[in-house]
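Letters A, B, C, D and E mark the chains in the order given here, with residues in each chain numbered from 1 onward.
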Amino acid sequence: MTAQGWVPLAVVASSLLPGLVIFLLPEDRRGLRATLNLAGAFAKLGLVGLMLWNVGRFQEYEARMTVLPGLDLVLRADELSLLFMTLSALLWLLTTVYAIGYLEDSPHRSRFFGFFSLCVSATAGIALAGNLFTLFVFYEILTLVTYPLVIHRGTPAALAAGRTYLLYTLPAGALLLLAVAASQVLTGPQDFVGGGYLKPFVGEHATTLVLLFAALVTGFGVKAALVPLHGWLPLAMVAPAPVSALLHAVAVVKAGAFAIVRVVYEMFGVEFAATLGVLTPLAVLAAVTIVYGSLRALMQDELKKRLAYSTVSQVSYIVLGTALLGPVATIGALVHLVHQGLMKITLFFSAGNYAETLGVHHVSEMDGIGRRMPWTTAAFTVGALGMIGVPPVAGFVSKFYLGAGAALAGQWWAIGVLAVSSLLNAMYFLPVLHRAWFRPPNGPWPHEDGRGRDAKPMLLLPVLLTALFSLGVGVLAAMPWSPLDWAYLIIRREYSGG
Amino acid sequence: MAAEVQVFDAVLVVLLLWLGWRALASADLFKAVVQFIVFGLLLSLAWVRLGAPDVALAEAAIGAGLAGALLLDTLARLGRSGAADEARPLGLTPARTGIALAALGLAALLVASALALPERWPGLAEPALQQLRASGVSNPVTATLLNYRAWDTLLEVGVLMLAVLGVWILEAEPALPRPAPDPMLGLLLRVLLPLTVIVAGYLLWVGAHAPGGAFQGAALLAAGGVLWHLARPLSLGPSPVVRAVVVLGFAVFLAVGVATAVLGGGLLTFPPEHAGAIILVIEAAAMLSIALIMVALFVGRERAPSDAGIPDSAADASAVPGAPNPGAAP
Amino acid sequence: MSLALLYGLAGIALVAMGLYAALAARHVLRRLLGLNVLGSGVFMMLVALASRTTGIATRPDPVPHAMVLTGIVVAVSATALGLALLRRMHAHDGSPRLPEDRDAGSP
Amino acid sequence: MTGSAALVTVLVVPLAGAVAALLAGRRGAVAAGLLTSALGVAAAFVLAGAVLAGGMQRVAVGGWAVPLGIELRADGLAAAMLLMTAVIGAGIAVYAWRYFGAAGHHDPHDLAAGPPGPAGKAAPASTQWLFWPVWLLAWGALNALYLSGDLFNLYVTLELLGLAAVALVALAGAGAAAAALRYLLLTLLGSMLYILGVELLYAAHQTMDLLQLRERLQPGLSVWLAAALMTTGLLVKTAIFPLHFWLPPAHGSAPAPVSAALSALVVKAGFYLLARLWLDLFGALPGAGVVPALLGALGACAVLWGGVQALRQTRLKAMIAYSTVAQLGYLMIALLLASGAGGAAAGAAGGAMHAGRDPGLPPTGGFVGKFALVEAAVRAGAWWAVAVVLAGSLLAAAFLFHALSRAFADAPADKTSAEVPAAPQLAALALALVAVALAAAGEPLRRLLTVGAAT
Amino acid sequence: MADAAASGAFVAAASGALTWLAPALVPLAALLLLLPVFGPARRMQRLRLLLPLAALPALGVALFAAPGAVDLPWMFLGARFGLDGTGRIFLLFTAALWLAGGVHALGYLHDDPRRNSFWLFWCAAMAGNFGLVLAQDAASFYVFFALMSFASYGLVVHSRTPEALHAGRVYLALVVLGELALFAAIALAWQAAGSLNFTDIGPALAASPWRDAVIGLTLVGFGIKVGALPLHVWLPLAHPVAPTPASAVLSGAMIKAGLLGWLRLLPLGAAGAPGWGEALVALGLVAAFAAALAGATQRQAKAALAYSSISQMGFVTVAVGIALAVPAAAPAAVAAAALYAFHHAFAKAALFLGVSLAGAPTARARALWMIGVALPALALAGAPLTSGYAAKAALKAALPAGFEGVAAALALAAAGTSLVMLRAVWLLRHDAGAGAHASHAPNGAMWAGWALLVGCCLLGWPAVGRLADLWPATAGAWLGAVWPLLLGAALAALAVAWRRRWAGGREFTVPPGDLLGPLLALARGRPAPAAPAHAAHRPDEEAQAVVPSWPALGRAEAALSARGGLTLAAIAVALAGLLIALAN
């Protein structure tokens, strides 16, 4: 453990400890619970900031603990981990604020916030995982602690969604277990390293490596919601809005995509993976997911379901960018990891605001909602436009790099996929915006909450902030410390150092 | 030592096997239990024939006596319906044929391995007898029980204690009705009780160098206790006094173990010069405890409906049984 | 045939009988009897074994004797507990058999 | 404190605690129990430290050398088991403190339980305190079992443990009597088979000391027969498929802390002994590999069967009980892998860690154990084992989440669930933390486990 | 991209940045003022009067700023803003147009209940339009272009009538399509040039293997905005339904943003792309003719004006085509295109604003209006002494050798322009009562805005060109300038006569959006509605057509969802089996 090894540990602990304490709090200790949550979130953000600053100056953080001989738990802060870490820390803070407002009077808040914090801890672990085993461990923990959140409402639909979630994630976990164990047997202890570490093993194991790749991608692909492993995600939208935010932006889906990025870049090494011939199938899989998710989103009337399918599609941009050989596509993938999170959380927060304030759950009920809830709808608009790739919202930047990367890689079809998908994005988001802004309300709202004009401040503030961030990272994309800038930093390491 | 097979042995073995089988296979369970008791008594004869008088005493007092009393008592309490069993309780069915074949196969294998044993066999007799001098007693069985393998015995006392705890747990609920005591027993008790106490003390004392010891003495003492109970029903629930006596043997044994360990000898390592005395102390405490435990196993915490006068622990107020259930079997 | 062998074989027979009864009987009391007979068989084998020291040592091996003594005490303890359980089960369920051994009609 | 003193302390503390609890009676038993737990944990840590530092600790009871006397030995595996037992036992104690504290309680964890009727109610509060002496005796028996190097002494500890377990199950009241009785009959039968095997070994080798036996062991009919008898007896006690049928009713009807103790500790004692026999004693015999293979196969069946059955259950505790059956199957597979050449350390580590009760999900020790198991299986090319472990872990996770979802399903209407006493929650949390710590302590634990394993 | 030097440059460039960003930022700031957080809508009434002035900074920059540029490496993907010659022309007319339009809108919308929403989109679109003119790199250009395009949707559907919504949907669909094409084009151009600066892209693209792709995508992407054939279909739908000031800026200013995009991104002058160029010329000519003819059949003045815009942009397209085909001719052609855009912007915007003044109450006002309408119409037709003549002349002068036929065709097309202008003016007069778009009589602000534009139309030319260019230098040139006008008048007379004599008063009308109706019908798989399209559209029905249910796909999803575990298990088993097989 380096001298600075406590920092990554503290990052994980900053949500873990409050989470554990929160479990024990009585329901009515709102103030204390909120304080704990927020203190943890701010502490995490501060720690992440510290690491960002220092990693930006080429210092690394590492904490290592040997579990079994040759089997280490490694938490390491490098550029790539911090990209994800920062996103999740920031969004955790906002989601916490949002959730405090959202769940104001609902039962089982301690349970909810407890699991929520654990979820974030697991995500921190995934982000900081320094080797495959650690990644896997935290990945499985994430499965474990997300489930209670998915079924939090306890309704039959929630339970069914939870079942489906498990139906996908548990076999995936088993497959991963096998794959991780097999890779452990094959290579012995290995840390993630820029450029990958599997190349020397190619000799007689080429086919094994291909299978290993397939197993890992399948396992991680479940959380990344790659078609046909995506079925759980649209169902999981029955969970409360903060959970959706968590699933789609802060933690779960991102974790899957992030893991795939790690595997491709720092386990196999992208160039080696290309010579192995596994990248093209992965890219095709991502492309299919992108188009399929968009098509499905088009058919949904339920707003959150539409958003969920949109996530299916959007997250695969990350995978697609990863699978396209070349630094530019990689930048696109990495940036999209952050940008998609910002935009999608905006959308889900907005959807939550609609549901909470007016009882609106369906697109068909949204006529004229922009007039009724202008701020929320403005945020929603920013998110939706970003998803389509309308500049200067964040989505544009990542799509731009993905497209350029595809061109650079000579994968013309990928540009086509991006274009078709953007078109479909427009087809399923623009009508929503149209209804919201340009149509008169058709009758009273389903379940109007008497308070105020727009949503409660606690619900509004986070969504405005995320919308602002979505806009900001697009407008200031090229600024130092922006996600794009950071992605460049990662890429310099990946393609030159590795 | 009788090493030659005599006709007596052959008859005894045949009788044992027949009684053993009858004890298991009699359709009438009462008969079966009685035959089991007789089987136990004959078994102690066999122990004597095999040169194990200590075991014989224990078998007669505990294996046949106490166990038999417990079985009979339970049978009585189960009532007519509970004591009834099938006409051919061990008659062969397809499933039982399989069990029988397995048992026979096991027996065959055991026989084969028994036949493979050498006729003369050293065992641990040599070292056990050689160390006798340092053990503090001259009866090698007592030496083994309370010195060489005292750790076994300590845990064994624990097992007994545990049994009574289990019975206490189970007897917590309102006791089942039982017949009123027989006044004739009172008379018998007055004669026998002092006798059992004296004999038990003797057995304890003599155990150091001759067959006998704490278990045998305790069994005898317990027999007296049971008689007492039959004459004047007792309640041996977990009242402070009862608990103290029940735990006494185990506690003393353990305390000795701790003391020997702390004082430098090591766990249950008795200095040869004091070994005899220490063993006697342990045995005395153990005998008291075991005797009470055995009675308690028989008596439990129940009390006769007519006899609510014996004070019980205040803590057990909830366990006071109600009036006899007139609908239950007598 | 030596004494040890005779009683050893008798012990083996008791073991087989007891094992059969413990497994085949349905009345719990009979099962307990079976276990006791099984135990007696084991003890008899042990004591018979101890008697094989004849001619080597002056007395039989005391260790098996001690083991048997312990075993008898353990067996009676277990029997007492079993009987208490049997009484309790009978009072509660109205049957002296384990649930899986209860026929539809008979107790 | 020297190693041998620590060893004696570890043995004596729970037994003395039982005495104290019994003497203290209803009001003082809890204090005695909790104090004993604390002392026991401390002693176990000291002993583990001593073993780690000084290798195997030996105490010849009464100063008598084997084979006449009994030698108590603490090697790495024993120390680890002692430590685990102490920690889990402490958790159980805290849990039981509150659980039995609430008079006339209704088991809050039995989701399917109806209103407690007069017939089904647990033993009255006046006897609930007996949990403490009985549990402490069981703990003492476990410690004695781990440390004992003598086959007959092991028999006595097994009996002590078995009777204690039965008495604990009986705490659930008359409704549990049948289950407890079945448990008693089978555990007695198992003991009898075991002692029969001990007798055969003694007859053949004139010693009951494990180490001495290993040196003297000559393959032969009686040895094989003894091995078979002892193994079968222990299989019954360990509830290995298809001899597991007694376990679900017994564990399922016991009070919650008792179920925890039984599943987490008591059945594992049988496994511990099996492992000792097959890793230390019979494993050296030529051709002995068949039995672990068979045990492994049984374990595989147990994993799958237990998992499937667990899913079928409607009662939470029955579910957990079947999951215990499945977990024991893992242990058997671990035993098999450990008995194979090379994988001993990993397999043993996996097995030992699995002893904590969880379905092998991270971040617990169970997960690390499962991982080690899979890795060992992959390394050994035992693909069937990989398949079984994976399938079993899926089933386990499925039933766990199934149970969890039931807890959630009831939730919205029921605000009173927030008033479940804090201590059980604390204890559950603490145990979970221990499981996590076990994962974290994997490396020291492994070092501990290797102490004495080479000898 | 991000290093210490960049942050240093940030400070140094701050003042420059302010100059070049102010035109876009001021409208954005105005937009923020409109957001309700600053007070209730009622109190905003007076403040709103200042909104048209948000265009003033842009005008100021266009008139007074020295050419230059500033790099803002932190913005977007590394932005560069500045002004060059072409940009100045575009900024000039764009700013003036938005200013005049804004003034007009003040009056036009003064009692409109949705005016707040209008001004929001107005400001946003204005900011986008100014920003894109000043952008010197592709990404920034794209950002502002998107801002403008999407914001104008709000202007198009302002009335919320079914027609407006339908037009809005078509517009939006094409905008999205265009954005995609541009997106791809810019991504490729970036890859080709390694930079997003326009100055780097052109030369680099000439040698790039992606040249054709970029050219094609750029033509399509901006072609939609320009209204190039066949991507023009939104124009005749959107312009009539939008509020008049919005139509004016749409047709006058925003349409030119597409042109500017072409000029910026296409490798004009760097390398010849004769195929593309000639195709573009041909397309432009066809557009010039066909749109003029279609416009002449329209029944709504604004639709006719919209078709006229398509036709006029056809002229510009010809210029761009030539620049693309013949590198040597590029500078002249580009200049001509810019001048033409300048001219067309004012003229067309003046005509559009004229539409809402048709209902003038007094005779004097009507006469004034008539003159004010006739002048821009003449300018568009290319009459001498108008900017139209100068622009057309510049265009002809830019034609290199080998394109003489094009010159003739352009002259003929000018006749078409005359025709459509006559039709438009006629429609304006006859629309006067019935077709007034404002809900109230013209008021001072409306007149003021219109007057500003007419004034610009008449007097604006010197700001960009030589005064002497406004009239033909020779008699032959006079003739050449006048005959198309006369031909157009003759055609008009013929058409009127034909209608009276032979058609029994029935009018032949090209439905606005011409190609769109059959296309949509084709997509729906049923015949086009017989009735004129604008009456037959039922937006909801169409919405459903865009969001299909595709039951088979739903079933597949349900199956996947229900058997997800199975799927995964099957995959897992197959993988595991293979792993095992391999391990052995």
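Going forward, contacts are C-beta pairs under 8 Å (C-beta built on N, C-alpha and C of every residue); 3 or more make two chains touch, one makes a residue touch a chain.
Computed from a prediction, not measured in an experiment: that's the story for all the values here.
Peer 1: From chain A, how many touching-chain steps at minimum until you land on chain B?
Peer 2: Minimal hop count between chain A and chain B: 2.
Peer 1: Could you tell me which chain lies farthest from chain A when each chain's centre is the average position of its Cα atoms?
Peer 2: The chain farthest from chain A, judged by C-alpha centres, is B.
Peer 1: Mind having a look at which chain is the central one, using mean CA positions?
Peer 2: Per-chain C-alpha centroids ranked by distance to the global centroid put A first.
Peer 1: Once you count every C-beta pair in contact for both, which comes out on top, C-D or A-D?
Peer 2: Most contacts of the two pairs: A-D.
Peer 1: Farthest from chain D in C-alpha centre terms, which chain would that be?
Peer 2: Between chain D and the rest, the longest centre separation is with E.
Peer 1: Averaged over CA atoms, how far is the centre of chain B from the centre of chain D? Could you give it in whole Å?
Peer 2: 29
Peer 1: Could you put a whole-Å number on the gap between the CA centroids of chain B and chain E?
Peer 2: The mean C-alpha positions of chain B and chain E differ by 107 Å.
Peer 1: Just give me the whole-number Å value for how far the CA centre of chain B lies from that of chain C.
Peer 2: Result: the chain centres lie 13 Å from each other.
Peer 1: Averaging over Cα atoms per chain, report the distance between chain A and chain C in Å.
Peer 2: Each chain's C-alpha centroid was found; their separation is 66 Å.
Peer 1: Mark out which residues of chain C touch at least two other chains, giving numbers and ranges.
Peer 2: Within chain C, the residues that touch at least two other chains are 15, 19, 23, 32, 45, 49, 63-64, 67, 70, 74, 77-78, 81, 85-86, 88, 91.
Peer 1: If I count partner chains per residue in chain E, which residues reach a count of at least 2?
Peer 2: Only 576, 579, 583 qualify.
Peer 1: Using the touch definition from the top, which residues of chain A touch two or more other chains?
Peer 2: Residue numbers touching two or more other chains: 171, 174-175, 178, 182.
Peer 1: Mind listing the chain B positions that touch chain D in their complex?
Peer 2: 106, 109-110, 112-113, 116-117, 121-124, 127-128, 131, 147-152, 155-156, 158-159, 161-163, 165-166, 168-170, 172-173, 238, 240, 243-244, 246-247, 250-251, 254, 257-258, 261, 265-270, 313, 315-319
Peer 1: Can you list the residues on chain D that touch chain C in the complex?
Peer 2: Listed in rising order, the residues are 68, 119, 152, 156, 159, 162-163, 166-167, 170, 174-175, 177-178, 180-182, 184-185, 188-189, 192, 195-196, 199, 202-203.
Peer 1: If we count contacts the way the header does, which residues on chain A are in touch with chain D in the complex?
Peer 2: Checking each residue of chain A against chain D gives 20, 23-24, 26-27, 65-69, 71, 73, 107-108, 110, 133, 137-138, 140-141, 143-144, 147-148, 151-155, 158-159, 162-163, 166, 170-171, 173-175, 177-178, 180-182, 184-185.
Peer 1: Of all residues in chain D, which touch chain B in the complex?
Peer 2: Per the stated touch rule, the residues are 4-5, 8, 11-12, 15-16, 18-19, 22-23, 25-27, 59-64, 67-70, 72, 123-127, 130, 133-134, 137, 140-141, 144, 152-153, 156-157, 159-160, 163-164, 166-167, 170-171, 173-174, 177, 196, 200, 203-204, 206-207, 220-222, 225, 229.
Peer 1: Please name which positions on chain E make contact with chain A in the complex.
Peer 2: By the definition above, chain E touches chain A via 1-3, 6-7, 35-36, 73-79, 117, 139, 142-143, 146-147, 150, 154, 157, 160, 165, 168-169, 172-173, 176-177, 179-181, 183-184, 186-188, 190-191, 210, 543, 546-550, 553-554, 557, 560-561, 564-565, 567-569, 571-572, 575-576, 578-579, 582-583.
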